[in-house]
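Each of the next two complexes has chain A plus one more chain, namely chain B in the first and chain C in the second.
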Partner chain A sequence: MLINNGFNEDKIQSPLGYIWSIFKTKTIAVVAMWLIIVLIIVSLFAPWFVPHSPLAQNPESMLLPPYWVEGGDINHILGTDDLGRDSLSRLFHGLQLTLGGALLITLLVGIIGMLIGAAAALTKGVKASVLHHLLDALLAIPTLLSALILITIFGPSYTNCLIAISLSLLPQFIRSSFLAIEQELSKQYIVAIQLDGATKTRLFRYGILPNILEPTITIINRLFTMAIIEIATLGFLGFGAQLPQTELGSIIASSMELIYLSPWLVTFPGIAIFTVIIIVNVLSEGLRHAVLEGEE
Partner chain B sequence: MLSFLLRRLNLLLITALILTIIAFAVDRIVSVNADAVVSHNGYISQYFSYLWNILNGNLGHSSVDNQALLDRGLIFFASTLELCFTALIFSSIIAIPLGLLAGLFRNTRLDYGIMTIAIIGLALPVFWVGVMAVLLPSVWGQVLPVDGNLSLIYEVPVVTGFLLIDTLMVTEQYELFAFIDRVAHLILPALVLSFFLITEIVRLTRHSMTMVMRSNYIQAAYAKGFSRTKIVFAHALKNALPPIIPQLRLQLSTIISFAMTIEIVFNLNGIGKWLFISLKTGDYLVLPAGILIISGFILSFSIFIEILMVIISPLRRGSLYADK
Partner chain C sequence: MSLSNQSELNVQPLLKVTDLCKSFKHATGILSSREQLAFGPVSFTLEPGQTLAVVGESGSGKSALVRTIGGMLIANSGDIYVKGQHLSSLNSQQRCLSIRMIFQDPSSSLNPKTTVGKILHAPLQLNTDLNDKQRHQQILETLKLVGLLPDYLAFYPNMLSSVQKHQVAIARAMILNPDIIIADEILSTLDISLRFKIVNLLLKIQKAKGTSYIFVAHNMHLVKHMSDQILVLHQGKIIEKGTAKSVCESPQEEQTKYLLLSHQPDYRK
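So, the complex of A and B:
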């Protein structure tokens, strides 16, 4: 029998490709990934397909319950609020601000924080020491307090709320990325790269970055979760999105007086926040396990 | 040891200075209209007089009811701390055994079940759980009170600020009823706050237990032929629990932040509600006072924990000398 290996292309997978192939075998995580993509698309294009405008008031149908409850209306699947506005449409529009803001914060804080964390870990002496003391001081201010400070100074608005949350999550992210890099720096292959005479940027790009994937996923997941909760909390307290804007937290706050009359107005936005966070956490757990298995 | 203490003290001083600078900046910004007359002194000398005032325990007076901000703030903050501490006890009782089990039986059904509970605890927004808990009396009837620190019928003089202690001091007047009432008021908020804490503690305990069970001395104990139960209780537990404390310290500011939110939802008289109400009524001077009280506490508490860890844990002490 003739065996010819000459034309067989043995393709060696790149590390990321390998991790991806492991990730694809994890059904729940893949489902979570698609759900997130759907959620993002839904919240991006919400104005085009929701059945009602989130601000359209309808005095004919106020405080309708969800359609499966006695007295519900199929036109308003999740019911209406005290001004006759459709709950489902408001939920999607709220998701736009909450989820979109959290993604924006995660992206910005992730990049800036990783760079500063790397700078803090790779430099020594005065620069690192100044950074540490500043970070310690900023870490001692709770998120809600620093958000209150910024909002008192600049006035409450959705943009300021996002800035405040980013500024208060940044020190925590820098601290955790710093710890991850610091742990990696003491390993022997890093010493070997350093002995080769690699510059700091090369050391970071090729030595450290591919090896801190797993802790990075964990801290980015944490960053995203905290960002969503903080946006909703500030919206709930009235410091975030202002009235014509619909944000999940502020929807909850505006239906607080009606909590005994129609509790679902408060229940559904909370469930929406809960679902988003659960999905993201499942995805990140799947990714983390894939990275861990890929490294072994 | 002495050099370590000096270094920590140095850190405390520098960080405290940065915090006072932040507080001073906020103070100048919010009170720029109130006293524009004094501002020709220059910021440096103003800062030093501000610092001198802080050292004398004078954080200014509220512009609404003219009370000393420091005294008021400390009383409110004591109630916040009470809430955090109760939640910490609740969640430790629930979460540490769960975390240990998850770490021991890693990657089994039990582990997945416990971690699912943990993720659900993280994903529930704290303020929303609070709102849902406020709904409870309409479902179950009046079981636990959901607003306020204490029923209004009890008049408890402020001695320590910690109501749990203060209510015990008036036992000849109300017997134990005031204390029981206070405990009843504390249970629901503390339970809601412990949702988040349970997640954190389960994760940390699980991670630290896994690390310990993989270490060489546990393998050596297995090789000696000890039973699993004996290894876990005699060797693993002692080494798995202490590393959780400094990790939890990093979460302190998040915990206080959540506690402040819960106070607003449950209408408790804590520092969060105090800041919230004062800011809504335009009393902006509470902001620098709030920064100094909360951050000062977090800062000194974390350094206290760090020193305590060095004193009680030989491993940390060892790493101190290895640094040199």
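So, the complex of A and C:
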């Protein structure tokens, strides 16, 4: 057992570092990651660089097509709507509410749901069942329906729509995180840590959390996708963002009657929602595969 | 501990188990359940520096027995005394300092996301009042005891070979200098030469530290080589108990004879 610095590595790579190095070799996933970063930056700083105010009406140029189509104007790259508002600017502002709201919901529900799921899995008896089944009544109803019910109670507004969606997605997330942690609890190293006399917090922090990366990525991805779809749906149905707020779903809804006259108004927000969901799923799938390969 | 029973301490055996019983509940219907006896009632004692081997065919309750003593399972009835004190009266720190467990398969009992250094550090941090420097000293001493270089502290378990993982698992058990180490079939996953390496390591540690072992094993020749006392379990009951020599050389029960016959050393095959 002689060690003479004959190892290939100069320094020992941590499991996370190893997963990262695998992830870096997955080109599509890395591209998706950069696209997400760009999208977030773009939607955050949209008000500073979009060419027009999303609410500025221009009676001179109404229902313009995109600039590459006959009759388009280079001033309005993606055309204008029936009030002469610039589509591109409205798209960016819409992205701000849709993507930003979905990220906020994912962060909030992710943290709260993981904590409740962990508390339910790590405690025993009545406390565990109360935590575990706290929001089960909502689980029986489809999430969109429960979000609609909640929003009729709260009253339609963008903030209420975010709260309603968070509450409707929380039970599912609690259930999935509970299952992931429950499965982890039967592993021998968890039992060994428990026998060392570790507290529940320590057990969760060092024993469970680093080892449930793969299921966590999957459930967070699902959470984000559902959040973005539900925000857009509620906006489309008129329960989410209220005028003059621009949100991708509500932009589609307000352009519905113009679909034959100017199909671009519906197409671009739809493509935007679709692209965001695709990019996030590609990123999470790449991450998940990197974790799986790294843990082998 | 009151002063009155401190004088009794000297005559108390290190570990005393009396009428220990454990059964598992199996749900058979919606409301009904059936109790299945894992073992019991079991009584035995263990002296310092001695090795007790628990043998028996599979399903005889030997793993459940050592896990109950190790604190992984809770007994239905009966008592376990460590140095005269009831196990339930000890807090988790005192229990860790007196009984430690080595798990069956070290590749699944070492957390893959923490370094060997952290794995060894955790029990010290949780169960002793040592400061950082003393803990590091203790870790180095234990590594030396199990025959690993300090370089391994920065390694993650997946970078170690299976025998090195065993060494780390033994180090984790030994780091608190416990009185009793429980080993649950640790040797069955190793091939023959590495098995003897670990056996010799365990015997060396016992000689140096005076630790008592309770171990579950299949190979009767290893049991004979390692242990002072043998406990033969059959369907949860002790059918034979005695010194290794007497049990191996003049077995009284059919089951014991069968075990001795069926476990020819595999290197002679």
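By definition in this document, the second predicted complex is superposed on the first by the 282 of 296 C-alpha atoms of A that agree within 3 Å, B and C clash if a C-alpha of one lies under 4 Å from a C-alpha of the other, contacts with A are read in each partner's own complex, and residues count from 1 in each chain.
The definition used in the following text is that a contact is a pair of C-beta atoms (placed from the backbone, for glycine too) under 8 Å apart; a residue touches a chain by one contact, two chains touch by 3 or more.
Quantities reported herein were computed from a predicted structural model and do not represent experimental measurements.
Of the two partner chains, chain B is the only one that A:F274 touches; chain C does not reach it.
After overlaying the two complexes on the shared chain, residue contacts for A:S186 are found with neither chain B nor chain C. In the superposed model, A:E295 lies in contact with chain C only, and not with chain B.
Touch criterion met: A:I252 reaches chain B, while chain C stays clear of it. Looking at the shared chain after the overlay, A:I12 reaches chain C, while chain B stays out of its contact range.
After overlaying the two complexes on the shared chain, residue contacts for A:P210 are found with chain C alone; chain B is out of touch. By the touch criterion defined above, A:G197 lies against chain C but remains apart from chain B after alignment on the C-alpha atoms of chain A.
When chain A is checked against chain B and against chain C, the one touching more of its residues turns out to be B.
If you check the complex, the residues on chain A that touch chain B are 133-134, 136-137, 139-145, 148-149, 152-153, 175, 225-226, 228-229, 232-233, 236-237, 249, 252, 256, 259-260, 263, 266-267, 269-270, 273-274, 277-278, 281-282, 285.
Within the complex formed with chain A, the chain B residues making contact are 11, 14-15, 18-19, 22, 26, 29-30, 119-120, 122-128, 131-132, 134-135, 138, 250, 253-254, 256-257, 260-261, 264, 272, 275-276, 279, 284, 287, 290-291, 294-295, 298-299, 302. Within the complex formed with chain C, the chain A residues making contact are 1, 3, 12, 14-15, 187-189, 191-193, 195-198, 202, 206-207, 210-211, 295.
Across the complex, chain A is touched by residues 70-72, 92-93, 95-96, 100-101, 103-105, 108-115, 118, 122-123, 126-127, 147-149, 151, 154-156, 159, 172 of chain C.
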